[in-house]
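Written out below as structure tokens is the structure these notes cover.
Read from first to last, the chains carry the letters A, B and C; within each, the first residue is number 1.
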Amino acid sequence: MIHIVVCIKQVPDSAQIRVHPVTNTIMRQGVPAIINPYDLFALEEALRIKDKFGGFITVITMGPPQAENALRKAVSFGADDAILVTDRAFAGADTLATSFALASAIRQIEKDMPVDIVFCGKQTIDGDTAQVGPGVAKRLGLELLTYISSIQSVDIDRREIVVQRRSEGGVQVLKTRVPCLITMLEGSNEMRFATMPNMIRAARTTVKRWDRVAAGIEDVTKIGLKGSPTVVSKVFAPSPKTVKAEIITTNRGAPDEIAAALLMKMFGRYPHVREELHKQPV
Amino acid sequence: MSEETKKPAGKKKFELDPALAEYRGIWVFIEHERGVAHGVSWELLGEGRKLADKLGVQLAGVVMGAPGEDTRRYCQEAFYYGADHCYLIEDPLLKDYRNQPYTKGLTDLVNAYKPEILLLGATTLGRDLAGSVATTLKTGLTADCTELNIDVDIRSLLATRPTFGGSLLCTIQTLNYRPQMATVRPRVMAMPPRDTTRSGGIAEQKLSMIETDIITKVLEFIPDQNTNKINLEYADIIVSGGKGLKKQENFQLIRDLATVLGAEVGATRPLIQSGWVEAGRQVGQTGKTVRPKLYIAAGISGAIQHRVGMDASDVIVAINSDPNAPIFDFATYGIVGNAMTILPALTQAFRDELAARAAAVPA
Amino acid sequence: MEKFDAIVVGAGPSGNAAAYTLAKAGLSVIQIERGEYPGSKNVQGAILYSDALERIFPEFRDEAPLERHIIEQRMWLLDDDSHIATDYRSDAFNKQPYNRYTILRAQFDKWFSQKVSDAGALVICETTVTDLILDGNRVVGVRTDRENGDLFADVVVLADGVNSLLAKKAGFHPELKAGDVALAVKEILFLPQETVESRFNVKEGEGVVIEMIGKITQGMMGTGFLYTNNESITIGVGCMLSDFKESGVSPYLLLEKMKAHPSIKPLIQGGEMKEYTAHLIPEGGLKAMPQIYGDGWMIVGDSGMFVNAVHREGSNLAMTTGRLAAETIIDLRQAGKQMTRDNLAVYRAKLDDSFVMKDLAKYKDMPGVFHANPQFFTTYPELVNNAARHMLTVDGVDKKTKEREILKSFTASRSLFGLMGDAFKMWRAMR
């Protein structure tokens, strides 16, 4: 039986940030938290492997108490067990500290049930750095396979896996050993709809909570703010461009006139654009 | 310049750990695959040059690959784009990119020659490699930076990147760890001039691994079927469409204009998600960053997520029926009108322009 | 498939009140909500009336997320650029336990829903109930849009809101008429706590409510409102949907204009818009109320038209009907009785005994009166404001003359007969 660990993160849903219909300002209030969309591709792939070969899926996240909802949602899709690694000491963690905490927790999980594959989302929509997956792999000594577009075959007995990895202009077909860590490329699959029995199971699930001790972390200098080499020194708003667009209009407002007026103004002020245009084979 | 919102009060003067003082120099990883070097490497050399000059240190390119002419060629190009010298690891094991040998090679180099800053392109390869290297070296890595600067007094790299969904920026420092690592997306930095008079020395290093050490094997490489290769990032003219086009059929007007201009076609994220346009054509925060000479945006509102992907374009022409669309705040020229009538008119006007030029050229 | 004691459709105030009460009494309850999270599809002013919630959670003040307790109520009659106000502020409102609070819907519903899960109910979100499962005429369960999604129970409590498609589908109540429903739009504007307190002359924790009528609804039947939250202002306006349709006025623009009114603008100056929502409010009252119970089913909250539009009370009726429905079910179970139509009639009896039916009966004619008399929203506000301005402008004209002129303007506008008729209608309706 294959044991898969899927690392997920609960993030604010930036897609639900709406724009006011009249003033065009961005409204952030009440934006709900969701499972990082990239993680869903990882979870769905894990579920497909479970469908095919049978298996057990543990979902894990490092986060605040409310991240429990994200784990519960993962269970509703079909995951079997959920662990929330939460501790005040994790606050302020950058990707190095996060990968340390997650790797420790996965080592603890391994004590009960050996882990065959670790899945991570490619990156998070709120952090966007794509570094936690590689970090966890390195610490656990797992082969790292990122930007995987499809899993061709899994042979648990021979401990082999063949995958397709997105590269510039094509895909690499890679063969490697299990256990390994995989980050899935977006669009590589489509998350299934949760069934009612799974949703009920999720509503009844008790999510395990591990503090840093339960997660097997002894060295506190490696977690949270202390364990983070990078520090945010300032946050600021981008300076607005002061020059607005020059609006092209003509008396009649006919499209052909406007087009002609645009070309005249543009080529007049930006001759290099005209040159670029004419670089084409005549 | 950008405005600050906070300044920490009474901050203790930061002092670099003496053990790290010996880390000197700026390195740029030169990315290449299957005989082609990625343009982002040169863009990073251009940026690295500025940083190196501020710090008064050397700029080096790092090339790893199979033995042969290509690697030497990349070193040469690195000199042309501003490197002072190069580090080179040649080994058959490095023929195709694999995480394990590349991570070992690069980390060994870093441990041997100790750069204070290491830059990589934020491509699939670069991110795969950067994450592993940073974790192995237990150092700080800032991804997808939009701006790089130096605090010379404390020799700190100031890496600026977007945060909170792109509406704000943050500056991140890796104060007491070395090397300070950062990745930058293609086209975020400008391509520097190419000076063929430049040259420099190459320091070679061995990769101390054997094939059986390496667990992952490359079985094959399957090139993309798409004969219509998308080269959005390095295109000089781009025509882009957004939700204001209303219907999928209307996107054809974008393609028509692009054909006449010899331009690449781009789109906003909603159009990709709706399946109107292929994924490789997305311009924006979670898509590609572009910096063409001319960017024509039709039916695009100009929301921040799209804007950050294209506002470095030389000339931006925006077409939108809403006079209050944010895109008119930063475009060069704006046309308030129906894209469905303006686009064909533009297509015709450009066609006429090209025809007039053709007529003027002596046969 | 698993069988429950009760299925509750919807996780708004009425559904939560029902589910909580049932679960607390030890019944197995499953609650189905179509929104991403409880409250995501719900919108409210929002004012919490303590009494209704107290009967469900006596200690709610200790843990529920509350904004400000209301110590002052202002009623404004607005003309184009002026207003006449009646303020009521009382120290009595500042004595605990407080009676009314402003709340933020999103926070409050989340808290309420957590209590529902804690009490043992299964709360399933992002799932839509598509149909009732019938056995003959008896409701025995619900069908949902998920695989293996049929659920069965002894009774189904419909708490699915103003647009209860389910009730319509199953034929329990007729299609909602545009004249029975109001469309309200509202914004939440962020303002620092100190600003809110200085502008409205309140201290920490204290709040003000402004209810507005007049030209702000451009002749349509409706009201405006402004509530102070801890560090934000809720401002909104709602009119009868039929009036919106007829006039073609856009609700968003109506709100924008209202925000620009010289009496309102300074109060919201500098506010950063954080949330924008719109919702339908059932306002048909008693005359539009459908059948509210049957074999194996009951209706609570908005979908039963349990809204007192005159006093802007909806959520308290929702919570009360939810609770009473649950109590009906609990009583029947304990007595070993079936959930038949005859047995569930107790629900109606409980409602009749409570303020719910009593208030709805009292105001059953109001919607009709307002609908047939738009002068209450245009002419009167104008006249009254003009009268005030006239009286308060010191310009050398003696007071007696002013009075006479004011009276003349009223009678000229409405005729003496008309004035008397209006007064009579109002008295009849409010009685």
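Note that contacts are C-beta pairs under 8 Å (C-beta built on N, C-alpha and C of every residue); 3 or more make two chains touch, one makes a residue touch a chain.
Just so it is clear, the structure is predicted and the values come from calculations on it, not from any experiment.
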Contact graph of the chains (line, ring, star, complete, other): line
Core chain by centroid distance, with centroids computed from Cα atoms only: A
A-C or A-B, whichever has more C-beta pairs in contact: A-B
Distance from the mean Cα position of chain C to that of chain B, given in whole angstrom: 53
Geometric centre distance via CA averages, chain C-chain A, whole Å: 40
Interchain centroid distance [CA atoms averaged], chain A/chain B, Å: 20
Multi-partner residues of chain A (at least 2 other chains): none
Residues of chain C defined as touching chain A within the complex: 2, 30, 36-37, 40, 104, 106, 117, 122-124, 127, 144, 146-151, 187-188, 190, 252-253, 256, 272-276
Chain A residues within the chain C interface of the complex: 18, 20-23, 25, 27-30, 32, 193-197, 199-200, 203-204
Residues of chain B defined as touching chain A within the complex: 1-7, 33-34, 36, 38, 96-100, 103, 123-125, 127-128, 130-132, 134-136, 138-144, 158, 162-165, 167-177, 215-224, 229, 236-237, 261-262, 279, 286, 293-294, 303, 311, 314-318, 324-337, 341-342, 344-346, 348-350, 353-354, 357-358, 361
Chain A to chain B touching residues, read off their complex: 12, 14, 17, 19, 24, 26, 94-96, 99, 125-126, 128-135, 137-139, 143-147, 162, 164-177, 187, 228-241, 244-249, 253, 255-256, 258-260, 262-263, 265-266, 270, 272-273, 276-280, 282
